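Okay, here's the structure, questions in a sec.
Think of it as A, B and C in the order they're written, each chain with its own count starting at 1.
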Amino acid sequence: MPRPLLHSLLSLILNQLTRVLHAVCSVYKQNFLAMNSNSSNGTHSDDKEECSVRPILCELGVITRPDGSAILTQGHTVVMSAVYGPSEVRMQRLQVDRAYVETVFRPKAGVPNTSDRLRETIIRDTCETAMIATLYPRTTISVILQEMEDSGGLLACSINASCLALMDSGVSMKFLFAAVTCGVTEDDLIIVDPDADKLKECKASLTFAFDSINKNVIASYTSGTFPVQTYNNGLEKCRQASDFLFDFYRDIVRKYASTL
Amino acid sequence: MKEPIISNCEKAFLLEAISESRRLDGRGMFDYRDLSIRFGKDYGCCEVSMGQTRVLGQVSCEIQQPKATRPNEGLLHINVGLSPMGAPHFETGRQSISSIQLNRLLEKCIKDSKCIDLESLCIVAEEKVWCIRLDLNILNHEGNLIDCASVAALAALSHFRRPDVELTSEGLIIYEAAVKEPIPLGIKHTPICVSFAIFNKGKNIVVDPSELEERVAEAEFTLGVNGYKELCGVHLSGSTQSGPTIVRQCANKALKRAVSVVALIKETLAKDSELRGSNTERGFVECVRQGTITSHGTPKICLPIKHKLPVETMETNHEDESSCDEVEVIGSGTVELKNSSVLATDTAEQVMEVEEKPKVEEIALSDDEDEVQIL
Amino acid sequence: MSVHIKTIHPMKYMRDFLARNIRPDGRKLSEVRPTAINVGSISTADGSALVKIGNTVVICGIKAELTVPNAENPNEGFVIPNVELPPLCSPQFKSGPPGETAQVSSQFLADILVNSKCVDLQSLCIMPDKLAWVLYCDLICLDHDGSVLDACVAALVSALCTVTLPEVKFDAITKNKTVELEKRRPLTLTCFPFASTFATFDENSILADPSEEEESLCSGTISIVTSGDSLYSVHKPGGCQLSENRLSECISKAQKRSLTLRGMVEKSMESIKS
């Protein structure tokens, strides 16, 4: 290939690349600002935009015993999460090629029931997908979640809290994950991250967990009846909303790393 | 997971320090850790922390049939959940000995002392009564669970409100909170538990023991006391050969403590109802925002015996803090000695090194030094 | 030879097959196993059905009992599904109280009943606040070879189709109830939800109606419950990340399958009537 041609080709590629990078940066900046204003003013505006989420607050390392812990608030839903491990495994649960991941979800009142069990399996499978369990063969990694206040979106908040606790514990992960709930109203409109009052008016609710790289769906949990088109709409809106969470994670890590 | 073992070295070190009237977290023998209470948004929900020990309390209620033997009394259930969040050796599902003991102690202190007016919970005798359920979840176990749990229990019970009901010809109407103001429980007195760890055949007594102290102590003495300076429960776990004087000594301390704790609960309750009245933001969300629920604010590494040192050495100690990050990583605060079962001896050595540098001339620790090297 | 590869390198074995767009048992990726439905299998039950998907067999028996409705919903009856996974069906289960999988399956079925409202609970009420029917639906898995949720949902729905309830006369004053066993009326379902499970091996290989072996080698499953138009549940607890297009593909496949299954149930119902 003649040299000038190669040169021009290279510069073209470079040009394109910088342009893309710029675009990415500016998008990120905007999101970051949106998130910041969202979480700092803290007021819950009723005329929420389509894809905004309720204010998020979080604190890592809240408790001393576990290897990683976090408290996460989304709106008025509060979940505390803890991660122990990799630690010794019981013989019946030993897996020779990977870590055994267990999840415990504790409601704040009453004994755990079967719907908490279902919740546990969703959280466990989501965590297991994200973490590199094969790095810790013959061990247990336990993720424990404690409901502290529930005003809608408890499952999503629990999934997010478990991600933060895993981050704090230093267990290796392939990607981070974030979950968003949306409600479906009677006339098939989507409300992203509704609170308990709004959720009551909804005929269905959809919860999705996304990975941080391609924003693909890791987990999906639904309740109520809804048409296919609404499901896809809800998925798309939640995917957009998950950006806020991933930016929030980034912000948390930045702050956390500087205090360490 | 099994409970980590305490090495002989740790045990000996703690006992030695206790016999010199020193505690590993730098407290005096009769110093309590900081107690703080935070109420949630819902009625009957509170989180209590005593140092780093944390308990979440939640009271709930439902309508049930009363017991045939007590047809005109409501029911009170107390359930302490040793969630694996609190410590890795707590397991879900099974009731362990420690959870049964905790449950029973709280029942003795609260239920058997008739602190809740159960008769006022009756709706229709022999048919419908309120069943009050108190759930306590241990979030973090750093010793003295019983005291922390009892404060959480009392705070949650006094914070709780049940919905108002009315009996009409058509049946029972349960009013929602928005329609009719919910009703608080009738609380006759305010019992809490105060625990003491007893060492060296009663020669040394410490209040509010940490986890390590609890496990090394020969006995733990728990007293149920109320705000009116009355005893409502005495329990000794373990065995110690000491005279009756320590009972009186402990009781006096416990009575004083109860008065101050009850005052704190009342104060926090008053603040909460003020916030509720003015409709300001409250609950755990606000706590996180204001950083009152945090632990990062409190020093994670508190090197033992530090406060006894002269000021200059304190400074060197602070420098050490940043350089000895490993200490923090392995454990935190007082936990550093026991949290690492595998590395127990290693950790002990590291901690020793950190401490020894500044305080060789302060405290003659040569004996311990030998011990470490032998190990 | 292939047996050896399967034991030593199960993942490679699977991957090699999938690279050629075929599955170890000879099915295409989106091909489901032969399905059979038998209704009214248990003559002593108030409603029953047996569903066989490939080797997976689930039997469902429904018992109707009279009870007092809940204080919160005084004019509603109950439908309580319970899934049992006895050691008989697979060596991975132990006897004793229901394990996690069984509990989760039961809850999943209960959620579907609530979401789809396929049984009108108010029709189960005989006298508000006094008397109502409770339908205990016991599902027992006889052979556990993958896609058990599909079989469970199908068995539950077809068993509910066969339920007939005797007429009950309730005297509010004397509180006497007379059950006329001869006069039975059938239970009407408002919709027919069916589940379709897919296993995700990776982003590009999604296996419809996976067998036990495939499920264990795949990273996760998706269960879609639909009646053809409305969705009642899209349950994907973790597993391989999927793009939206892949999910939509699965949903449309599930919709088609639910229509076929519905046809099967209707045919079998007709056959017992005639």
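Convention: contacts are C-beta pairs under 8 Å (C-beta built on N, C-alpha and C of every residue); 3 or more make two chains touch, one makes a residue touch a chain.
What you are looking at is a predicted structure, and each value in this text was computed from that prediction instead of being measured.
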* Computing the C-alpha centre of each chain, which chain sits at the greatest distance from subunit B? -> C
* Structure fact -> Note: of the two pairs B-C and A-C, more contacts are counted for A-C
* To do: Calculate how many whole Å lie between the centre of subunit A and the centre of subunit C, each centre taken as the average of the chain's C-alpha atoms.
  => 30
* Counting in whole Å, what is the centre-to-centre distance of subunit B and subunit C, each centre being its mean C-alpha position? -> 47
* What does subunit A use to touch subunit B in their complex? -> 42, 57-66, 71, 73, 75-76, 78, 80, 82, 84, 87-88, 104, 106, 108-112, 140, 142, 144, 146, 148-149, 151, 259
* Asked: Which bits of subunit C are touching subunit A when the two form their complex?
  -> 100, 103-104, 106-108, 110-111, 114-117, 203, 219-220, 222, 229-244, 247-248, 251-252, 255
* Asked: Can you list the residues on subunit A that touch subunit C in the complex?
  -> 114-115, 117-118, 120-122, 124-129, 204, 206, 209-211, 214, 216-228, 231-232, 235-236
* To do: Under the touch definition given earlier, write down the residues of subunit B that touch subunit A in their complex.
  => 1-2, 40-42, 45, 47, 52, 54, 56, 58-60, 79, 81, 83-88, 92, 133, 135, 137, 139-142, 281, 283-285, 288-289, 291, 293-296, 300, 332-333, 335, 339
* Asked: What part of subunit B is in contact with subunit C in the complex they form?
  -> 63, 171-172
